[in-house]
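Just dropping this structure here.
Order of writing sets the chain letters: A, B, C, D, E and F. Residues in each chain are counted from 1.
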Amino acid sequence: MLNKNIETFLGCDNDYGESGIVVFGAPFDSTTSFRPGTRFASKTMRGESYGLETYSPYQDKDLEDLAIFDGGDLELCFGDTQKALAVIESYTTRVLRDEKTPVMIGGEHLVTLGAVRAVARKYPDLHVIHFDAHADLRDDYLGVTLSHATVLHRVWDLIGDNRIYQFGIRSGERSEFQWGKDHVTTQKFNFNGLAEVVKKLQGKPVYFTLDLDILDPSVFPGTGTPEPGGVGFLELLEAIQKIGELNIVGCDIDELSPVYDQSGASTAVACKVLRELLLAMA
Amino acid sequence: MLNKNIETFLGCDNDYGESGIVVFGAPFDSTTSFRPGTRFASKTMRGESYGLETYSPYQDKDLEDLAIFDGGDLELCFGDTQKALAVIESYTTRVLRDEKTPVMIGGEHLVTLGAVRAVARKYPDLHVIHFDAHADLRDDYLGVTLSHATVLHRVWDLIGDNRIYQFGIRSGERSEFQWGKDHVTTQKFNFNGLAEVVKKLQGKPVYFTLDLDILDPSVFPGTGTPEPGGVGFLELLEAIQKIGELNIVGCDIDELSPVYDQSGASTAVACKVLRELLLAMA
Amino acid sequence: MLNKNIETFLGCDNDYGESGIVVFGAPFDSTTSFRPGTRFASKTMRGESYGLETYSPYQDKDLEDLAIFDGGDLELCFGDTQKALAVIESYTTRVLRDEKTPVMIGGEHLVTLGAVRAVARKYPDLHVIHFDAHADLRDDYLGVTLSHATVLHRVWDLIGDNRIYQFGIRSGERSEFQWGKDHVTTQKFNFNGLAEVVKKLQGKPVYFTLDLDILDPSVFPGTGTPEPGGVGFLELLEAIQKIGELNIVGCDIDELSPVYDQSGASTAVACKVLRELLLAMA
Amino acid sequence: MLNKNIETFLGCDNDYGESGIVVFGAPFDSTTSFRPGTRFASKTMRGESYGLETYSPYQDKDLEDLAIFDGGDLELCFGDTQKALAVIESYTTRVLRDEKTPVMIGGEHLVTLGAVRAVARKYPDLHVIHFDAHADLRDDYLGVTLSHATVLHRVWDLIGDNRIYQFGIRSGERSEFQWGKDHVTTQKFNFNGLAEVVKKLQGKPVYFTLDLDILDPSVFPGTGTPEPGGVGFLELLEAIQKIGELNIVGCDIDELSPVYDQSGASTAVACKVLRELLLAMA
Amino acid sequence: MLNKNIETFLGCDNDYGESGIVVFGAPFDSTTSFRPGTRFASKTMRGESYGLETYSPYQDKDLEDLAIFDGGDLELCFGDTQKALAVIESYTTRVLRDEKTPVMIGGEHLVTLGAVRAVARKYPDLHVIHFDAHADLRDDYLGVTLSHATVLHRVWDLIGDNRIYQFGIRSGERSEFQWGKDHVTTQKFNFNGLAEVVKKLQGKPVYFTLDLDILDPSVFPGTGTPEPGGVGFLELLEAIQKIGELNIVGCDIDELSPVYDQSGASTAVACKVLRELLLAMA
Amino acid sequence: MLNKNIETFLGCDNDYGESGIVVFGAPFDSTTSFRPGTRFASKTMRGESYGLETYSPYQDKDLEDLAIFDGGDLELCFGDTQKALAVIESYTTRVLRDEKTPVMIGGEHLVTLGAVRAVARKYPDLHVIHFDAHADLRDDYLGVTLSHATVLHRVWDLIGDNRIYQFGIRSGERSEFQWGKDHVTTQKFNFNGLAEVVKKLQGKPVYFTLDLDILDPSVFPGTGTPEPGGVGFLELLEAIQKIGELNIVGCDIDELSPVYDQSGASTAVACKVLRELLLAMA
């Protein structure tokens, strides 16, 4: 008997039962207003991750020492946002019920909402750490309330004031920044203050959502809305290691758009960031 | 006083009031299941159309002799299909009320539904001629009823049996072809029988929907779902001139995806097809 | 228990035991002299095949009615040609021993040699039908005897005179064509005479090797050495249906290079050709 | 009456009469010696600028609070440099006559000459600040005196010694640097000394010409002649805010070549730089 | 003593003195109005030609049997059209003086004028055969008389009525076609009538200018202004063999733009066409 | 007599006899396990180097003052690693015998082995300085001992313990780093300690091998295996000037893959690095 062709992210080839972390893809980008394509991120990352090593010289840890399961991609219907979010929520709920940590690969940033719905139900005291170039705090976008541009506002609807900590924000409407002042904690441009936040949230359940466009487009051009002026790769690695000190009960990594990544360098960045995040969580 | 920057499709620079034809873009691709990008078609076509001439040596006609208005692109919200279709329907209704012929540049094929809703209300005896590689006759697609893959089924919901004539179809589920046998007229692979259909529909109001992927991908690679085995460019030109003998009360041209058109040749094809269609309708 | 992520070519998701056909990838291109990249073909085809339907309106057959297993990609070492061929030969031998038909996705054309070594051992009366732009009949290439440019000569070493039938050949050294006259049957440029060959080989075991660059680069630009002047897609489909009348005991489909396929149209061609080939063999 | 399709750079949709700043495009690249394509910059920037916000968190200002007119692109004949420069000069003269500030989007760097001819006539005491990777100080280039490589020498012909301040220069012939020592002020590699220059030029009329290739190609790959070793995005933003303290009577931003910007990141950089420049000038 | 690196087009490595044909490049595209890039054609063709064979199975001839010299690329100044044409004229004159036949690789189509100036001086009875998608018969283009769009009009200035035979023309202004009727012989769309023209011009000196965009963009996408509806590759080969029956005293092959040829298929076409042309002339 | 077309790297146009440095290309990438394409590096660099100047404002030196010969590319057979290495070794030996310094442009990193075999024979006391993202210290890779991933282990076979100094290493298997601790000196991530090494090796013969992927992919995306987190361009320039203080008896610069360099910025980096290296060695 020859075996079927199983494709996983690098080093995430354990069985479900034995794994503490569950990686899965959420290939959805229907509300993307500028340039779509993030639906291809998870599949592309699986294929390209084999250009990486499982060993990290940064953390001196190896994915081979961890037990991680890759469940592949959810089947998400394009053009029906509510249905897509429901599928994400349902899968996340299942993973949480089995006492495992969900690690979702987006997709556009709206997919975070599906996961947070499940996580916030299990952890009423949930806090959210949000790395991004964009505030994503609009209440609606062209009349639509479920959108990549409103996702953190929707998360706020679920968990309320002073639970969301944003870092790296460098783009938004004037009114978003103003609304944000009263409801969330926003660090513009960089990671200043992250150490304090991590200290403050020790022991609390934290959801970590990482929009990769926090990186400067020189490092990460392959995304739908490149925003010059972002953080560097090593700054992000350091911040992720800091995040690893928290009690992460769920996380996601979003907005790689391989269509705009001719050289493959952005996909390599996304893969390495995911490797470091998985190692930091272990 | 210097003038603002007005961008139109080649030769479509007349004022609204004096024009008999109204060109507009419907940049929507949220239900695209494979590779999105058709949202960029209308804008790209306007820019690239200036590589063309207004004069057609095929028809010995010139766009400069016609009065055509280009209204630009509709503002369509991504991720909310019903809203997007409503905007298209409303704009089309306005154009029809002013006794002008709407010519819509998609977008994915679902945009046709918005326009046909308006046209069918004005013309209860409407017939539809459909050029495409795909049957688009599913009743639902992954549980969703408003989709590029169901659009002709939705059109059939509006106008009923024996009103839809398909040409060039070379891809679909087995069940679509079976359903189609009882409800629409499908010519697989080519334009055989088009002359007879045109003769039969003389004088009747006809909506013409042209999915450019009817063309072979060698001629038109820049589309979301390339289907080898399509018709040639000159075959399509000839068919369009035939269509020009009908009473076209509305039409659209869909599925150019400039992201996949590195050479620009597909955009050039789309522009030339639109020029010839406009000239044939005159 | 959630399931692991299994990736197969469209409709080839049966278990090994129940399948009569075994698809597998041979991602090797180390001897490619001009532009490498065919190593990515099988993986890309699996991912993109979901833009296709399982149903063929050409043959009115459906992959869902067949039992086909996809074993994924062989792990082939780059830079050591003999080792790579040995792995291919070994896998093919295993498939043949289990009375299944191997269908290999290259890779460069040299991979054929690995498979034919296995097939010719089982079927001493083997004949080979070869579709290609290039004669591939050199005895050595820059001093190397195992090369994409010599592969049919190496096959001839195994099975001898008058067993190889080439079609579509439009490129080669003068001396290759001269040598070929005494040892193989070569139809230049097109498929003339294929019907006669098929009739003559009825009942005999036949290995079919399809270098996709037999297609014109307008249809199939995504290959290492594009050769203008090739056959059309529908011509190839027709020839493949003809091939389906033979007793095919093994086959391969080679030389897609996704790196040079910006639009994805070449990958779509390769996928559709493989679908039609699988259906024709059934 | 439906409206025509007006395309402007983000937030520059005011009428001419009410605007203090006039943006226009100069799509010319005929003297480019290496890789042409800057002719597409202004059109591409208009389209892509809608991925940006009008609000700048860097300066806490919003384009919506300013009155800026976008006059579209000049019609410049390719292959006749003198004619093209005359059209630029004439348009600029008109804008200056109406007491507005011209902001030109190139094109290759030679377009600066057309604008400076007009500006220097109005302001005999004109000084020029020049950000660039290249010195552009040759007297002729392959025997031609009007060239992107000679443009600052031509500007010097108009305004004379000690009026030109260059920053960021990291490429040129040995002889250019030598000539420059006697006639202009050149800061190699970076912005050291900019604050002093800004202090010194307080109140004087200044033309600011920004060749975007001053940026490192990691930040701005989409240009004809990428020169590794350039300044970073935030360094440039800071310098531009400094420039905003001057009496800028005209400016341009040049050398984006969208053909070489597969990811769109360079266009995003150009748009953001223009937004910040407009805000700084306000 | 090791040798320097000599780069020639495939098989054109003979010394000047012993060669009857002289190939050279004219990398100029300054008047291109739409998308520049043909300046890279000759260099790219030299490099890629090694993917071809020297032997043609179409003509059963081999470049190795001919004596052809490749002189490399002329140094042409961008932005000064008159100077560039003078350099081409001068080189061509030198080649003709040595009783060799010049074969020029453009560049945009205007380069033809430089060569024809030299050839027409030597052969007062010169006739011109022109393969192209575009009529190129304007008297001026945006006020400029030396332009790719006027080049055949400029050639007519030199040689007068009834000396120019155009084939394949499918694009132009209405007025160009009208002017052409009185001064040149224009066959629209295809090669009908070529055999008669070849018979009629037997023995006369003929300059042959081949704009590769006569080919359909499916075959040849890599050009500045793709015009759907062109001739096929095999049609062009046949026409070129016909041309080989004439007394060709000079020729050129123009308008390959490698920037728009992601797959390399267009460059392969250009190389093969040049090989067949050289073989046909022998 | 007109001249043949000689192509050299910028400013390397001297005759062999008069030159102290010999540049040559080794276009080989058959063992590349991830994404091939480095075979095109040397040819592409020659063509693109003319976008550079010969003068360096960093070192205030000019290539025109040096005598450097460019011997073009070796003819290396793909798929036969031993033969390819033998050709490199033989050419290098010849250059060394004539008392010149070989400067090789790879190709994949394995080409270094061919050159070091020759250099180590002449200089038994050879030391090696190795700049790279990858340790390249495996003993075998998928069972193959001659591979880009084993090349420094193979070099160690030749010269033994404590002769190899690595800088910038940020990727490898855990076991490679462990093995390295006993046999080579590895500086992870950056150039710390380089000054000390340079001081220590004063006067000794040193081979310098530069894998360009030591650079961050933001600076140098055009490579087969991009590794985020690398050094910057100016850091590398500084390190190279340091290297220039050594007695460099041979060197190479590897792993540019132009296929993945859509913007050309990576090729520009490679060219500038080579210019600075040549100037530093002078």
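Everything below uses one rule, namely that contacts are C-beta pairs under 8 Å (C-beta built on N, C-alpha and C of every residue); 3 or more make two chains touch, one makes a residue touch a chain.
Everything quoted here is computed from the prediction, not taken from an experiment.
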item	value
Where chain C and chain E overlap in contact partners, by chain label	B, F
Those chains which touch chain F and also touch chain B	A, C, D, E
Numbering shared by both copies at the chain E-chain D contact, with half separating same from different	same
Centroid comparison with chain B (C-alpha atoms), farthest chain	F
Chain whose mean Cα position lies farthest from chain E	A
Chain centre separation (chain D, chain F; CA means) in Å	38
Separation of mean Cα positions, chain D and chain C [Å, integer]	55
Contacts with two or more other chains, residues of chain E listed in rising order	216, 218, 262
Full enumeration of touching chain pairs	A-B, A-C, A-D, A-F, B-C, B-D, B-E, C-E, C-F, D-E, D-F, E-F
Contact footprint of chain E on chain F as seen in their complex	1-8, 13, 15-17, 22, 43, 46-47, 69-73, 94-95
Interface residues, chain F side, partner chain C - complex	29-33, 36-37, 39, 75, 77-81, 83, 110, 141-144, 146-147, 259
Complex contacts: residues of chain B adjacent to chain C	34-35, 169-174, 177, 188-189, 216-218, 221-222, 225-229, 260-262, 266
Chain A contact footprint on chain D (complex, rising order)	50-55, 57-58, 62, 216, 218-219, 233-234, 237, 262-265, 268-269, 272
